[in-house]
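Take this structure, written in structure tokens, and hold onto it; I'll ask about it next.
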Amino acid sequence: MDLGAELHDFARMLFPICRSITGNGIRETLRLIGERIPLKTFEVPSGTQVFDWTVPKEWNIRDAYIKDSSGEKVVDLRRHNLHVLNYSAPVHATMLLSELKPHLFTIPEHPDWIPYRTSYFKENWGFCLAHNHLASLRDGEYEVFVDSTLENGSLSYGECYIPGQSSDEILISCHACHPSLANDNLSGLAVATFLAEHLSGHNHRYSYRFLFIPGTIGAITWLAKNKETTSHIRHGLVLTCIGDRGSFHYKKSRRDNAEIDRAAEHVLKHAAPSSKVLPFSPYGYDERQYCSPGFNLPVGCLMRSVWGTFPEYHTSADNLDFISPESLAESLSVCESILDVVENNFCYKNLSPFCEPQLGKRGLYHTTGGHSPDQQINARLWILNQSDGTNSLLDVAERSGLPFSLLKNAAELLKNGGLLELIDPKQE
Amino acid sequence: MDLGAELHDFARMLFPICRSITGNGIRETLRLIGERIPLKTFEVPSGTQVFDWTVPKEWNIRDAYIKDSSGEKVVDLRRHNLHVLNYSAPVHATMLLSELKPHLFTIPEHPDWIPYRTSYFKENWGFCLAHNHLASLRDGEYEVFVDSTLENGSLSYGECYIPGQSSDEILISCHACHPSLANDNLSGLAVATFLAEHLSGHNHRYSYRFLFIPGTIGAITWLAKNKETTSHIRHGLVLTCIGDRGSFHYKKSRRDNAEIDRAAEHVLKHAAPSSKVLPFSPYGYDERQYCSPGFNLPVGCLMRSVWGTFPEYHTSADNLDFISPESLAESLSVCESILDVVENNFCYKNLSPFCEPQLGKRGLYHTTGGHSPDQQINARLWILNQSDGTNSLLDVAERSGLPFSLLKNAAELLKNGGLLELIDPKQE
Amino acid sequence: MDLGAELHDFARMLFPICRSITGNGIRETLRLIGERIPLKTFEVPSGTQVFDWTVPKEWNIRDAYIKDSSGEKVVDLRRHNLHVLNYSAPVHATMLLSELKPHLFTIPEHPDWIPYRTSYFKENWGFCLAHNHLASLRDGEYEVFVDSTLENGSLSYGECYIPGQSSDEILISCHACHPSLANDNLSGLAVATFLAEHLSGHNHRYSYRFLFIPGTIGAITWLAKNKETTSHIRHGLVLTCIGDRGSFHYKKSRRDNAEIDRAAEHVLKHAAPSSKVLPFSPYGYDERQYCSPGFNLPVGCLMRSVWGTFPEYHTSADNLDFISPESLAESLSVCESILDVVENNFCYKNLSPFCEPQLGKRGLYHTTGGHSPDQQINARLWILNQSDGTNSLLDVAERSGLPFSLLKNAAELLKNGGLLELIDPKQE
């Protein structure tokens, strides 16, 4: 079975679960992720102080509907998880449509789509529905019923740690709290899970830490409980909205020119020329927390279409058709290429720095003179020329315009030929 | 009465005065400015050495004309102040038109306009007139009469000092020596005068020093007599040609990236998108002297149309119709916005730097999640994210692309909410 | 006789010689260059170790042909030097066309041109011919004869050292090993020779070292034998392909922003607006060796058309018609302008740094005020403004956009007027 289809199937399996920032939906999601990768789950009690925030009460929902005066369920959670305002407090009442309306959310510009709305930190109840649907409701009395609980419990998150040669870490983070939205963020969960799966079987320089967490409060909770651990983080990526058919977007870390920023920019330039690199901004996904000034971690955010810029964002149209197997597979491949750059971004030293070494006698040069060099030879010459001990392979890739992978192979060849040595690989 | 009309009326009142770099014209001008703001006037005797220059003899003029052989005054100072070569030495003679011609100045490309010409530092006499006017003069004898005096006297300038909380100063300088030219520089005199008037009534961080001086020799004289004072100057603006209907131009200081340069660029970008920022160059107005290498003061030059690039420049077409009440009012407003930036360009420190503080519980965030933030919230997030103690509000404005005024208000709100503190405001 | 024609005649004289990286062809070439300039020639024995390379056996050739079965010479070295694979080993054999073909080189895309091919470091024999020519050969037996010697001997190169006021050097290098190719590199030999001739008669700040060497192995040999000397090299140019009718290209040194890079960019911008500045790359001519990381010399490469980008490159179409007298003369002039910049790129100090000095009283300013300054005055003002002791004339040229030559003359005038002094010219 091909990788894209497998990724899409994984998203499909997670789609029906009614997730939120706490409760059984995210627990079940973590359990299913844990069937593929070694995932450790954590439960942080409601009321725990995490920096300026407090872990909220746990929310669970069994049922929610609006019945008209004839007893028909005109809005029903069982038809779509988005129908309930996420974190809705319990309610059971009868009221006129006019009284109900302040609790109903629609999108007039897309009258057939159900919006996704939340009220985590202000107690409220409500329903979300298509605008045309609302327009069809007649005046009169309605029974509203939200069978939810908002009680002391805990916030759940999952962590998958894959040790590497060094205790220096790469952080991969994605939010796991959105109900029945495919691009935002089942795409991220699927790609991150498969990435962890692929890495588990291989030798690598860095240790990897994958976080599957509720957005905002989950990242804040993790950072509050792992402040010391963050000193090991050398590079990081937030993965979100990477399953749709749009071009890639990479949003840089607050540092603006971190190695992960340069690696992502390099890979996208070569692998996906229509991609765009965006400057850092303090709104977005959990890079907001990782890049807060107290942490200032080198964490960027990889997306395809950018949140808020595509109409399907945070609506029922962000469904399984909105993401494609091909896009998911390509996103996974781009992630692997970016990680390949930081894994292999070593500094080499030319051991024959005075003039060019004679590549020809080592079989590393064309033997008939008079024509132009190919890219292989170009890569060798660039590395030899720039490897004065101050330039990493990514530096050489940026200056030469050559793809990192070509340079990586050339460096290996030159090292094996005794022309290069690795500088302090532990430091790298 | 509206501000634009008031500014234009002020320029209208000053228009008829026959100004020069010394003499009674500039004295009368300073007297009228002094009726609106607390102006101290200074008289520096002819012959005073000011750096490499010498204060020239004082020039005054009573009458000047050219009479044809029939006794008719064909050119007459009383019809237009520009008719006489400014600083013309006295002369009374009869000569043929061919002998007179080397003393007559016209603009062949604009045959109906009278040029403005000066001969301050080389004794000469002459008349300026429309090219068509010259063409209409028949050959024959003419009586030329310039009833001027060039005698020991003094150079006059005016200074308005408005103390602020700090002895650090902002310098506002404009030349007051041009006769009957509206944009160059009655526009500058009007805007500077009203700016001083507005500032007088308010509390402000910086002290302000307004100079109303003859161009070049006046700036050199002031600098020679106030060399110590210049160490207090933190920011400065030369105001000139800011009454016409053209787009704004800001010419940067020699430092190229002084705070005043960045403030002006920021304000113009947001307030006047068609404006242009020009690099420093050593020709222009009195920024030439303030930015000479021995001083190198952070003084830029704010203009609308740039001298020499509009045909009316230094001609009788630079009249009261060439400047508009709306342009004058907008220029005043832009000056005030630029000064508002440097007045409020403080560094703040985020007191809750680990993760975002919970703005929602402070009423500083939208309560229903799932949609994009508005500019107010964006401004708060940007300030919190960037306020690590190294970035000023202008730094944040530049990185975020948000207007300074929005960030200023957001910072005030966050400070009042206990989330920010001001870093060393005295240092600022 | 005009300079362009003289340069072209010089190239014409050298054209028929059958050059290679060693042997009598280059020796004869050096002898003819030595008739115009004081050239010292060096002979380095075969087998000498030069860094990672070994000086090869000396190659000489008397005759080479292919005879068909009727005894007719279908390919003959005497008709064109390019017909033999350069450094071809001796051979005398009879073989079928099918056996011969692997030893024949053509250019199918340009079927009438003979390619230039070499096999210096792998022993081989072969012939180069037009593709149409090859197509006309009938199957059957051919006699191949290469009457060459590959024996211990030496590698020859020439050096012309012209002492200046300082022992700091400017290196001018060109390869002298290509047979019967006009642009690559008789153009470089001609321009370098005439440049040396012109410099010999004049006083100059720098000492000059001209190298006429075989490509690659010659530069490596020279560097190996002159490692200490390289510490004197302040600026350098490799001259190649500068006789054709294309626009100028300057390839920057590995340092990217060396003074020679800036000087070349400045001169080309003003003298040849269609010129292009190329970033450094490690493939090309002998700048490859001068810019190897162990040396990292400030040596750029001046070309008109870039090797490999014009179809005539390394073919028989790079003949005497491909280079023009006008282009050669212009290239010589551009070289002289670049050298003029580095020769005169001094730092001056304004002795009257507070405000502008009064240029008018020194006759250095227009005397009638009110109009725009000319370029002469602009140059004076720029130098006075920027000469705070940190900016060289080239710095001023870059910031002002004015041509270096204008600024150089203005600086001389201001220095003679007592307004400027030269800062530490020895250091410069």
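Labels A, B and C are assigned to the chains in the order they are written; within every chain, residues are numbered from 1.
We take it that a contact is a pair of C-beta atoms (placed from the backbone, for glycine too) under 8 Å apart; a residue touches a chain by one contact, two chains touch by 3 or more.
Computed from a predicted structure; not experimentally measured.
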Upon optimal superposition of subunit B on subunit C over Cα atoms, what rotation angle is obtained, reported to the nearest 5 degrees?
120
Over half of interface residue numbers shared between subunit A and subunit C means same, under half means different, so which is it?
different
Would you mind pulling out the distance in Å between where the CA atoms of subunit A average out and where those of subunit C do?
54
If a residue has to touch 2 or more other chains to count, which residues of subunit A qualify?
none
Subunit A contact footprint on subunit B (complex, rising order)
350, 352-358, 360-361, 367-373, 377-378, 381-382, 384-388, 399-400
Touching residues of subunit A toward subunit B in the complex: what are they?
50-53, 86, 105, 115-122, 124, 216, 219-220, 223-224, 227, 254, 279, 281-283, 288-289, 291-296, 308, 314
